[in-house]
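So, here's a batch of structures to check.
Here chain A shows up in two complexes: once beside chain B, once beside chain C.
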Partner chain A sequence: VRLNEDDMEFDMIGIDAAIANSFRRILIAELPTMAIEKVLIANNTSIIQDEVLAHRLGLVPIRVDPRLFDYLSENDQPNEKNTVVFKLHVQCKRGSPRITVKSDALKWLPNGSELVKETRNATSDSSSKPETYTYFGCSQETIPEFVKNPIIPKYPDIIVAKLGPGQEIELEAHAVKGIGKTHAKWSPVATAWYRMLPEVVLLEDIEDDLAEELKSKCPVNVFDIEDLGKGRRRATVARPRACTLCRECIRGDDWEKRVALRRVKDHFIFTIESTGALPPEVLFTEAVKILEDKCERVITELS
Partner chain B sequence: MNAPDRYERFVVPEGTKKVSYERDTKIINAATFTIEREDHTIGNILRMQLHRDENVLFAGYKLPHPLQYKILVRVSLFFVG
Partner chain C sequence: MEHGSFTDNSAATFSLTDEDHTIANAVRFTLNQDPRVTFCGYSIPHPSEARVNIRVQTTGDPAREVLKDACQNLMLMCRHVRCTFDKAVEDFKASNAVKAMKIDSQDSSGDDSEESE
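This part shows the complex of A and B:
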């Protein structure tokens, strides 16, 4: 029905309520996304506490296709296949006014981490590269999808922190793949919901003055008047989809006998609002694949 | 404080089977399936499909506790055939 870059509304007819709900649950909780998980803070002299700043950074949506990455588990090393590294370095000089740190201050580092790990052994090889927190084999810029679209936060104007004069924030953020069940920051949709199509049925023929009254009652203009000829008019249901089920048309005496408000049991109007990592139609196709995988898994385990 | 780790909701630990099956002692032709690490997403769909089968007398699912991540599906048939 409607498709923008970030949200989508479409109809599903003929499925059961359980399947519609399963799609909604999978869209919210089981589609993987990339979000910032580990924040390595080098310097934070602002009034925002470290953990609050890390929490806010985790919630920033990142514009990257999560299907290009793998999951990072505890014993894996962070490399270019499972981590995206960002850097944030903002300083407010003494004497200048306060700065608001927005999310476009996060810079992508395609070559991996720049923070050097402190190694305990005293043998310092000045010839070898210093060890950092990630082990990137090759630069992420070489992956063809990222050449044209560098990885940035989806919305550049999200306020992350505010700095007064003399305060500084210097940190490195690692983003990994996860699903919404673990933490809501990994949910790829702002929200996803469905409603059933309302059905407005006129039980009797409603004519002339009653028809005018009915049409004026509805706040969203569901009813229309059609002319039968000979000066008589009849009310018809023109736009049942717009009906909000406010029950205004059956208020008053006797209207309950003339108008019946119901919902069509198998017609679902889905709305998906994406946070921007993937377009909503891709999100839905991925949700279908995940439902298939889940069912396959149960079936194979059963036999 | 006592809440289990969030990844426990979908990661099946080593040793436990994903789906296990126990026949009901007191009622003939009835059984309970325990599916580990699943929730309403699968349970409701299973229940709906079981209702559509005409041999099924009783089909239902429940989550025994919201912090224990498994579902019990109880099915009973008219007759085994």
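This part shows the complex of A and C:
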């Protein structure tokens, strides 16, 4: 029915509530995304506490396709296949007015971390490259998808922090792949919901004055008047989809006998609002694939 | 993991780890559609623990096979949904592209791309 870059609405007919709910649950909780997980703070003299700043950075949606990356587990080294590194360095000089740090200040570092790890090992070779917090084998810029689309936060105007004169923030943020179950920042949809198509049935023929009254009662204009000829008018249900089931039309005396409000049991109107990492139709396809994978896992466990 | 009586293959409880309502409800629904099944249900012993118990009782067929068939049916359903959805999205995009190419300023209302199973 409706498909934009960020959200979509479509109808599913013939499916059952259990499957529709499974799709909804998977869309919210089990589709992987990339989000900032580790924040290495070099300098933070602002009034925003470190942990609050890190929390806010984690919630910023990043415009990158999570299917190109692998998961990073506990014992893995962060390398170019599972981490995306951003840098944030903002300074407010003395004498200049307050600055607002927006999310477009996050710069992508395709070559990996720049912060140097402190090694206590005195015998370390001084001619080798200094050890940083990530071990990038090759620059992420060489991956073809990123040549034309650099990785940036999806919305450049998210306010991350505010700085007064003389304050500075310098940090490095590592984004990894995760699913919404562990933390909501990894949920790829702003939200996803479904509702069942309302069915408005006129049990009796409603004519003339009653028809006018019915039409004026409904706040979303579900009913229409059609002319039968001979000066009589009848009410018809024109837009059942718009009905919000507010039940205004059955308030008052006797209306319950004339209008029945029900839901069509297998017609679902899905709405998916994406945060931007992937377009919504891709999200739904991935969700279906994940349900298939889960089934397959059960089958292999059984046999 | 299956707990059942060793003599009677047709009734068993399957305990799946790392699962929740998402797959359990869907599998229970497909099991219900199977005519060989007399009773099926699922329960979650404790919400903090990601474990699901699925109980299947059949009219003689081994419960394991029936559960496997139900999962296969669910997978088929998913594939069908995916194909239909992809086609519907393509049709919708095509019809939108055609509309966008019309230069005169007609008011274009959204297209109804309904899919049916």
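In this section, the second predicted complex is superposed on the first by the 302 of 303 C-alpha atoms of A that agree within 3 Å, B and C clash if a C-alpha of one lies under 4 Å from a C-alpha of the other, contacts with A are read in each partner's own complex, and residues count from 1 in each chain.
Keep this in mind: contacts are C-beta pairs under 8 Å (C-beta built on N, C-alpha and C of every residue); 3 or more make two chains touch, one makes a residue touch a chain.
All figures in this text were calculated on a predicted structure; none of them were measured in a lab.
Enquirer: In the superposed model on chain A, is it clash or fit for chain B and chain C?
Expert: clash
Enquirer: A:His183 contacts which: chain B (first), chain C (second), both, neither?
Expert: Once the two structures are laid over each other on A, A:His183 reaches chain B alone.
Enquirer: Quick check for you: in the superposed arrangement, does A:Glu30 touch first (chain B), second (chain C), both or neither?
Expert: It touches chain B and chain C both.
Enquirer: Of the two partners chain B and chain C, indicate the one touching more residues belonging to chain A.
Expert: Greater contact footprint in residues on chain A: C.
Enquirer: Please work out whether A:Ser96 is in contact with chain B alone, chain C alone, both, or neither, and reply first, second, both or neither.
Expert: Once the two structures are laid over each other on A, A:Ser96 reaches no partner at all.
Enquirer: Once chain A of both complexes is superposed, is A:Asp16 in touch with chain B (first), chain C (second), both, or neither?
Expert: both
Enquirer: Is A:Arg2 touching anything from chain B or chain C once the two structures are fitted on A? First, second, both or neither.
Expert: A:Arg2 contacts chain C only, not chain B.
Enquirer: Name the contact category of A:Leu302: first (chain B only), second (chain C only), both, or neither.
Expert: In the superposition, A:Leu302 contacts both chain B and chain C.
Enquirer: Thinking of the overlay built on chain A, is A:Thr285 touched by chain B (first), by chain C (second), by both, or by neither?
Expert: second
Enquirer: Go through the superposed model and pick first if A:Lys294 touches only chain B, second if only chain C, both, or neither.
Expert: both
Enquirer: Mind sorting out which residues of chain A both chain B and chain C touch, each in its own complex?
Expert: Comparing the two interfaces on chain A, one with chain B and one with chain C, the shared residues are 16, 18-19, 21-22, 25-26, 30, 291, 294-295, 298, 301-302.
Enquirer: Which of the residues in chain A end up touching chain C in this complex?
Expert: Going through chain A, the ones touching chain C are 1-3, 10-16, 18-19, 21-22, 25-26, 29-30, 281, 284-285, 288-289, 291-292, 294-296, 298-299, 301-303.
Enquirer: Provide the residue numbers of chain A that touch chain B in the complex, in ascending order.
Expert: Chain A reaches chain B through residues 16-19, 21-22, 25-26, 30, 179, 181-183, 291, 294-295, 297-298, 301-302.
Enquirer: Tell me, which parts of chain C touch chain A in their complex?
Expert: Residue list for chain C touching chain A: 14, 16, 19, 21-23, 25-29, 64, 67-68, 71-72, 74-75, 77-79, 81-82, 85-86, 88-89, 92-93, 96, 110-117.
Enquirer: Could you pull out which chain B residues touch chain A in their complex?
Expert: Against chain A, chain B makes touches at 6-7, 9-10, 17-19, 21, 33, 35, 38-42, 44-48.
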